[in-house]
Amino acid sequence: MIYNIPYIAVVTLVLIGLYAVIMKRNLIKIVIGITLIESGVNLFLITLAYREDSVAPIYHGSGMRLMSLPVPHALTLTSIVIGVAVLALMLSLIIHIYKHYGTLDAKEIGRKEE
Amino acid sequence: MMGMSKIVKTMVSVALPLTLIYGLYIIAHGHLTPGGGFQGGAVVASGLAMLVVSYGSVWTMDRIKEKHLSSLESLGAFGFIGLAFLGLIFGSWFFNNFLLGNEYLFGMIGEGASNINTAGVIPLMNFAVGLKVIAGLFAIVLVMAYATSKKGGDL
Amino acid sequence: MNGFENILSDLLVHSPALIVAIPLLGAFLTPFFGKVHNTARNTFVLIIVLLTSFFSFLLVHDILVNGNIHTYVFGGGSALTSGGFAVRILFQVDGLNAFMAIIATLFAIVGVIYSWSFMKEHTGLSKYYTLYLLMIAGIFGMVLTGDMFNFFVFLEITSIASCALIAFYTNKGKAVDAGFKYIVVSATGALFVLFAIAILYGQYNALNIAVLASNIQFSFLDRIALVLLISGLAMKAGIVPMHMWLPDAYGRAPSSVTLLLIVATQASLYGALRMIFTLFGGQLSRSVNEVGGIEINVNLLIGAVLVGLAILTIFVGVLMALKESDFKRMIGFAAVAEIGYMILAIGAALTIMFSVNDLETSRLALNGGIFHIFNDALDVGLLFLVAGAVYYATKETSLNRLGGLARNMKYTTVFFLIGLLAVAGMPPMNGFSSKLIIYQSTFLVNPILSIIAILCSILLLAVFVKVFYSAFLGPKQAKYEKVKEAPKSMLVAMAIVAGIILFIGLFPDIFISNVVEPATRALVNSGEYIQYIMGVI
Amino acid sequence: MDKRTIAAAVFFSIVAVFLIFGALFMHPFGDPTEDDMDQYIIDNTQSQTGADNGVTSVVFDYRGFDTLGEATVLFTAVAGVILIFRRLKK
């Protein structure tokens, strides 16, 4: 059980994010929710990389000790950059939405669109 | 937004060169130490974002156009995919590490020693990606800051 | 002559990589050409797309004619290292991938030709074409890759590029809002997919689809991963609980972008098919569970859920299309209904396979479903192209204000008639031949399902006949007196699609036996796909 | 509480229950059940790519195509942001 606490943390982060995405009406809060899910998934990937008593996979000065797995590090790197890209695009769309409707409330926007 | 106070501007002009050098160091040593093109590029871009914050986006936009940043980014991306295509031509597979094992440039295989002249195309790819990330992230920050500034609006 | 054949076979070996790499290269270079001249840039984009199509044709031809499976290892070397690890990224192309590649190639060409005149009045065209090529590259990457994480990366490329393009008309708040809805749904869906990939990686320490499929055990975590994968991809494919973004995005985007959005949606659907039939394919056939003494066949459950969702999707799509008064959004709802027909066929195939154990009929149903993927893309695509042409000529999308266009836009009217008959599944068109197969196979699951499907199809016909009557026929309106026929490039694009619709409608058997059958075979015999990589039979 | 909120809440609780159970079924932290592929990479990185940094060798050599995709994603985002904030009149 104690060994599963990192996974519980991951699931908690993902769930908080999911809650924000499906329950909140403010667009900025939805974006924060997506970022939280993203952090949860990144944390999960990094968690998978760890082996007990291991060092980072850099050979110089590692002294032939056990190394943590390199592939999840690479995947996390990719996933972080993708997250930045999605975030930038979402925020610029929000800037435009605010210019058009003067509000960030999803319901209000829906009413103004009618 | 006309920029922040004189203290902030002075601090930025001191910190900016250091940030740039640190970022370039991370890019150049990507194949030896933690870091690489993306991380170093992000450091440099955050240094440049400091410029936007302290001097204001309109001031920055007068000096650096987003068109040029976009071209620079295309150049970086083209360098990256060009290296991959060179792998197809010289190494007979797309993304082949064709420089590995040559005697002149980055060809050595570093057995434990932190020798910068190692790893084949990886350092070159790091440079290409670094250029791309610097230009790309700075362009995003600049464009979004300009769009929300009072004077600005559309590009 | 021999040298030429050598070069051709070399190109064939490298074509899976080049199909993705060339549009990417083109996208990186488009801004430079945009600085020179507009026509130079358009020509450059067209050349890039034609070059991509050439490689795609080479690859697809070899797969469909010779029945080969192609792999390409990025970075070189053999697919598996000693010990059986797929360390490098693989592209693996079989009949199903080839089938999707045909759709993507066709629509890439048609879209670029259509954009030539359709977009010429707008600013920011360099960026538009850059994103267009990136979207094409992303779709090709999605349908060719054999690596889970690579699939996710291309999924994100496609969705980010399409989101920016949906919001192309930034002066309209609705377009921007549609783009935002799309990016929220697709980012969440993509993160679900990534989460599932991470779960699978944590268990089996592999990312290659074939390697994963040969190791998978269907434990509790694997089932969570399966559900996350399917729900994430279903969000992006617009199946009913998560369909609301689809008509908005389809309706507000420029028509040329909608064309590629249809393909992107279907690429997500392809992803779901690949995950169900290949990744979990070996396990699905014997996944019987016991819950409290009652045996539950998981496959039958998946099949039944899919059939239920499909009927709901068809129903919702048709009903909303009846109420809608905006031309493009209405076609968007029709597209939702059409997606429902594909899911219906796939669900019916799974249900038949595991309840009646009738492989022949389930194959027939799968044939119908896959065939309908192609037909749906063509039919809905043609309708959107027509709607785009009408918008180009009149700057109007509301059906209440359109009228009497047939006099001035003769060719467009003919193309709309073809698209209308095809989307409603009327006899001489391609929609009829695939829907007939779907009706036949669902009849075996439950006759009521088949009747509902037919009724909805008739309703769809009614919807579009109403549009035809109100927008194209009817009295001449003064404000549309000077409306001109659409420019040549748009007519050419529509004519290509309409020609293919008529050809498939008249000779469906040729198409089914040469293109659809290999795809179905690839889907059903997942063992071939896996063993080609594992090298063990 | 309208219907949509209730449906969303039900959906959310189902996801929550399954994910928390899933977390309990994961292998213990720091002890992966399978790590052969990564061990292969760790053992062979230096001789096959010449890089001293294992992660960089994965990012740019073994999974270099992913990195191309990742660079493309950033490129796409920049193009998208510039497209969205473009000037509308010629």
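By letter and in written order, the chains are A, B, C and D; residue numbering begins at 1 in each of them.
Simple rule for what comes next: contacts are C-beta pairs under 8 Å (C-beta built on N, C-alpha and C of every residue); 3 or more make two chains touch, one makes a residue touch a chain.
Computed from a predicted structure; not experimentally measured.
Novice: Pick out whichever of the two, B-D or B-C, is joined by more C-beta pairs in contact.
Specialist: Contact tally favours B-D.
Novice: With chain centres taken as the means of their Cα atoms, state the distance from chain B to chain C in Å.
Specialist: 36
Novice: From the C-alpha centre of chain B to that of chain D, how far is it in Å?
Specialist: 22
Novice: State, to the nearest whole Å, the distance from the C-alpha centre of chain A to the C-alpha centre of chain B.
Specialist: Here the centre of chain B sits 23 Å away from the centre of chain A.
Novice: Please report how many Å separate the Cα centroid of chain A from that of chain C, as a whole number.
Specialist: 28
Novice: Indicate the residues of chain B shared as contacts by at least two other chains.
Specialist: 32-34, 38, 70, 74, 77, 81, 84, 94-95, 97, 112-114, 137, 140, 143-144, 147
Novice: What are the residue numbers in chain A that touch two or more other chains?
Specialist: If we look for residues of chain A contacting two or more partner chains, we find 14, 18, 48, 56, 58-60, 69, 71, 75, 77-78, 81-82, 84-86, 88-89, 92-93, 96.
Novice: At least two other chains touched by the same residue of chain C: list those residues.
Specialist: Those would be 24, 28, 74-75, 149, 153, 156, 160, 163-164, 167, 170, 176, 202, 205.
Novice: What pattern do the touching chains form: line, ring, star, complete or other?
Specialist: Contact map by chain: complete.
Novice: Write out the stretch or stretches of chain D touching chain B in their complex.
Specialist: Against chain B, the touching part of chain D is residues 46-47, 49-53, 55-57, 59-61, 64-65, 67-68, 70-72, 74-75, 77-79, 81-82, 85-88.
Novice: Tell me, which parts of chain B touch chain C in their complex?
Specialist: 70-71, 74, 77-78, 81, 84-85, 87-88, 91-97
Novice: Spell out the residues on chain B that touch chain D in their complex, using ranges where they run on.
Specialist: 30-34, 36, 38, 66, 70, 73-74, 76-77, 80-81, 84, 94-95, 97, 100, 106-114, 118-122, 125-126, 129, 132-133, 136-137, 139-140, 143-144, 146-147, 154-155
Novice: Taking the complex as given, what residues does chain D use to touch chain C?
Specialist: 18-19, 21-22, 25-27, 32-38, 40-41, 61-66, 68-70, 72-73, 75-77, 79-90
Novice: In their complex, what parts of chain C are in touch with chain B?
Specialist: 14, 17-18, 21, 24-25, 28-29, 31-32, 72-77
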